[in-house]
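Two complexes follow with chain A in common, the first pairing it with chain B and the second with chain C.
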Partner chain A sequence: MSQSVATGIAPVQSVARGRRSSLTRSRIRAAWTFIAPTVIVLALIAGWPLARTIWFSFTDASLNNLNDYEFIGFENYLASYGGEWFGLLTDPDWWHAVWNTVWFALVSVSIETVLGTVVALILNAAFPGRGIMRAVILIPWAIPTVVSAKMWNWMLHDQFGVINDMLLNLGLIAAPITWTANPDTALWTVVMVDVWKTTPFMALLILAALQMLPGDIYEAARVDGVHPVKVFFRVTLPLIRPALLVAVIFRALDALRVFDLIYVLTANSRDTMSMSVYARQQLVDFQEVGVGSAASTLIFLIIALLVVITMVAGRVRFGEEAR
Partner chain B sequence: MKHATRIGFWLLVIAIGLFSLFPFYYAVISSFRSGTALFSVAYFPESFDLSNYVAVFERQPFGQNILNSIIVAGSVVALSLALGITAAYAFGRIAFRGRSLLLFTILGVSMFPQVAVLSGMFELIRSFGLYNTLPGLILANLMLTLPFTVWVLTTFMRELPKEIEEAAFVDGATPWIVVRRVFLPLMMPAAVTTGLLAFIVAWNEFLFALTFTLTNEQRTVPPAIALMSGRTAYELPWGSIMAASVIVTLPIIALVLVFQRKIVAGLTAGAVKG
Partner chain C sequence: MADVVLKNVQKSFGRARVIHGVDLDIRDGEFVVFVGPSGCGKSTLLRLIAGLEDITGGDLFIGGERVTELPPAKRGIAMVFQSYALYPHMSVYDNMAFGLELAKSSKQEIDQRVREAARMLQIENLLDRKPRQLSGGQRQRVAIGRAIVRDPKVFLFDEPLSNLDAALRVQTRIEIAKLHTDTRATMIYVTHDQVEAMTLADRIVVLNAGRIEQVGSPLELYHRPANLFVAGFIGSPQMNFIECQVAGVGPDEVLVHLPNGSSVAVPVAPDGVQPGETLTLGVRPDHVQVSSRGPLTGRVELVEELGENHLLYVETGQGSRITVREPGDARHEAGSTVTLDLAPEFCHLFKTSGEALPARNRAAGSALSSPSRMTSSIA
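Coming up: the complex of A and B.
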């Protein structure tokens, strides 16, 4: 087995044959030594806490006393007392949070993908000031989420906000809107701020894909007089689809765990609460470590499922690359 | 027709620029207005009143919060890079059994929802006696930065030509010497890129900082801004909040403008979100 592994090491191949195996062995030993610290740290700060969270979800632990708890099986998820059902899976607030999160992820990622593609196409064109524009669109991405949420909170203020002022002046609305408090607009507001913040990320990933496309295809299309819109849908889009897919998946995974933006923008409001906000509220505000951990575990399972699908799809490409 | 498309193109460019910049621009002009002036909308700077900036530092330990953020983000970057470069050498240059599986497991960690480790991490930090301390936050933040640091650095490590370490090995150098003498200098540009991304992640981190600190003196900047309150519960000090926002955003914007190319390279290499 070690023989087949050794053939994978190119740099050693030109070294004298006799030294190969001992060198290989020492290099593999070194590899494990180099990896050990990272693996130990990650096991301690990611693996162990995750395992404890899952364990807590089967207990009645409380935040102010984490050492004294009892195993209660699936009761945090679903339990029945005298014909009535209790637990996370019967809590309408949890399902509302699930719905909010899924809706948020679908709508925001869709808008970001379309806008990101538009921005990427623009930045891919040669025009004076292109470098400046690329830096400018990075700014929303770099601003801390908490800060952007606060900035938008202020702009969306129902009495003194600049957004209401603009819309009133333009005659688009008759009276100021309480953007973050009104159940009809709150989630849309969250989506809008997220679009503002993360479209740059999408645009940059798509731009990177665009810049790797061969130029001669476009040359040929132009000589043949094909309409640019047709070129985009027939040539560009199919070619950047793999990159687009990767970007969409990364964004979707991110959107499904959204916390900062919603927490700062609308606090613990039920209208916009995401799964993560719900879990933290149970854990910290209500001190219900059991229920909170059950919610956290479900979030983890949902994301893990998506990640596994992604990695199975991505592994094929990675394997080819590594050879 | 030609002119119409050109004008349309430039209108689009201007719209994107305005949309990207306006919120920050508005935060800046708001931060220079104070008192009742804030209760009217202004689109252009009309006053240059620094009282909000003074108030930020007087009413709360905001200087301490900034220092905390610098300590946390700086330590996280240093630790992530030190661990990341050695691990990336092994992952990128040595073929060993279980390499792909391990690398994908590490990448998997970067997909963890933060809230999924929250109760376990809370227990861990408390049992180490690190609750409400900066080392506790540094430890927690490593979970967010270490996986993508390893991943991106491995990608860069793979791209280096294969002949590089050959000569050193023929001369009898140990792998440790090869990493330090041969790869460390070559990896500097990649380390700067990943270090910047890790810095931005740690600087912006909110959920852990909110949950694992208790007192205002131990808070980093994001929870400090999120929890900033006025004299009464109903009166939010918008001027101060905007001033604080501008203060903590300026260094990040400066970093982004200076290292724009590097950041973009890092983002696209790892395809990770900061």
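Coming up: the complex of A and C.
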């Protein structure tokens, strides 16, 4: 130490530089140590199955014997035999499932966003029993989907269901409705149950965003005499927009993958079949691992595409401070 | 332009009463400052005038009209908040125009008023920016601009400078004073900073625990505090308080014994005090001098040099401490023993109830300002 001081400034600087780079190196090493478990776990539980599914989609694998398969290229997706086209992309059932899923996601997420905002605004207001209300509203979200779907199945039952009974007694309908079997009502019924179940989730996310808003700007708006409705559309909505879009993307991701709710409520009905239900049917019922994997791969691509479109359209930037 | 009259205004939150019947007359064009320690109710009182809180009892009149139950927007007021309260997603221009869009003003008129206010506050070049791109001082100017465009009868300021740094605070204070001379609007200003209160106010309202302690011009409060609380609150460093006993009573003066046995004849009206009664003598640090004459003796505990003057903290026995302010550099060191002289004509006497004995022939009395004093001359 005394030596380096005695010999001048240069050695001190080089010591400092050496120390800094070793510090940087140890920081980088620490960073990798911390993210390594996550990277490994993600690679194992998400990366590997995804890669395997994509691989299977290019084979003729069957559920009977997963070890005996051949690479067949894009034939699961699209193939031509003697001038006729075959494969997933020509299957009207698949496109029907895609349409069902997109329609379901669009309608249910829209309704949930509007209702969730309304509920969040109510829960954000000060009223007695607010804490209890905030807890109670989460109950539909806390019930496992299979349980709530079964529960709704019974409530919607065409002969013994409480809903038909109530509507008959009120005189709103003349005959019981087969809610989940009737093609006209089946998909709407699924949407209704999904809205019942996931509105609390939206409300909770939006409530969190509302609680981040500064209170004083609302007082400024009161002094300015701005009508509350205008305050909502001109002040509140723009300010919670980033959080709202994140919530919408989360919900849309869930809705596009919807399986359990539809499967329990309507089984393999073609009228309500979603992309996931279709993939499961190919994979398990028809034992066509190749076609099922191709469907799963397309689900992955469709969801990725829709999310990217939403993010670009909504100018969502993760990681940027939401202001 | 309007006067503001509070008649027995009260406020309770549930069972907790925070404002205990305030009566106050604020004249048209006057600059009134509410001061007081934290939790004294000064902000609450301002919010009652603004209409952001409901008045629990009593009445409020602005410009002769009873506004007790009117919403804030109908009271003809504009408010500047401590935290600026700008809409973060709107440009400076939109922040100022937002309140006007509803008043059914034409686009042209809105534009004219916004630009006029921006010119007045020298923020014309910032009109397209978002609040987050502005410094604290610029944000506060935008907030003031938003108040100006409303062309209110009464401006309300809720500690507008407390989020600014010291230099900016002085500068913005001067601008607010200038705004007052330019617009001649009635202004009510809340602060805990007595320098702001002294420099800006035509009249200061000292509040404590939801009650008005005293209302008066800055110098009136400084020279003739009505009670112990005001005496201790106004002036920095704080007034010295010494417990004393009445030794004799004359028509125009009261003779008191200090704890060390010496006596001082203070020229105040006796107001019914009797010999033997315990009083509190108050004297500002500027009116105590180091002098061989006495009557107090003590040991210098600490010296603070401030450049243009210095402070001596002198222990005078029994744990009581006297602060002395003298001009120039200190001539005494910590640890040395000094004798202190009080200027009797600048001493105050307070009864045990806290009430001051009325001063007689107080030299400072002639310096009392008229209410129409121009604030800009102070700034």
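Things worth noting here:
To be clear about the criterion, the second predicted complex is superposed on the first by the 271 of 323 C-alpha atoms of A that agree within 3 Å, B and C clash if a C-alpha of one lies under 4 Å from a C-alpha of the other, contacts with A are read in each partner's own complex, and residues count from 1 in each chain.
Just so we're on the same page, a contact is a pair of C-beta atoms (placed from the backbone, for glycine too) under 8 Å apart; a residue touches a chain by one contact, two chains touch by 3 or more.
Keep in mind the model is a prediction, meaning the values are calculated, not measured.
When the two complexes are overlaid on their common chain A, residue A:Arg25 makes contact with neither chain B nor chain C. When the two complexes are overlaid on their common chain A, residue A:Leu239 makes contact with chain C while staying clear of chain B. By the touch criterion defined above, A:Val136 reaches chain B but does not reach chain C. Once the two structures are overlaid, the count of chain A residues touched is higher for B than for its counterpart among chain B and chain C.
Once the two complexes are overlaid on the shared chain, A:Pro214 sits against chain C while remaining clear of chain B. Across the superposed pair, chain B and chain C touch chain A at no common residue. The touching residues of chain C, counted against chain A in their complex, run 50-52, 71-74, 77-79, 81, 83-89, 98-99, 102-103, 132, 146, 150.
On chain A, the positions that touch chain B within their shared complex are 1, 5-6, 8-12, 14-15, 23, 26-28, 30-32, 34-35, 37-39, 41-42, 44-53, 56, 61, 63, 66, 118-119, 122, 125, 127, 129, 131, 133-152, 154-155, 157, 159-162, 165, 196, 198, 200-201, 204-205, 208, 246-247, 250-251, 253-254, 256-257, 259-260, 263-264, 275-276, 279-280, 283-284, 289, 292-293, 295-297, 299-300, 303-304, 307, 311, 315, 318-319, 321-322.
Every residue of chain B that touches chain A in the complex is listed here, in rising order: 9, 12-13, 16-17, 19-21, 23-24, 26-27, 30, 38-41, 43, 83-84, 86-87, 89-91, 93-97, 99-100, 102, 104, 106-109, 111-124, 126, 139-140, 142-143, 146-147, 150, 158, 162-166, 169-170, 174-176, 179, 200, 203-204, 206-207, 211, 221-223, 225-226, 238, 241-242, 245, 248-249, 252-253, 255-257, 260, 263-264, 267-268, 271-274. Contact residues on chain A toward chain C in their complex (touch as defined above): 214, 216-217, 219-220, 222-227, 230, 234-235, 238-239, 323.
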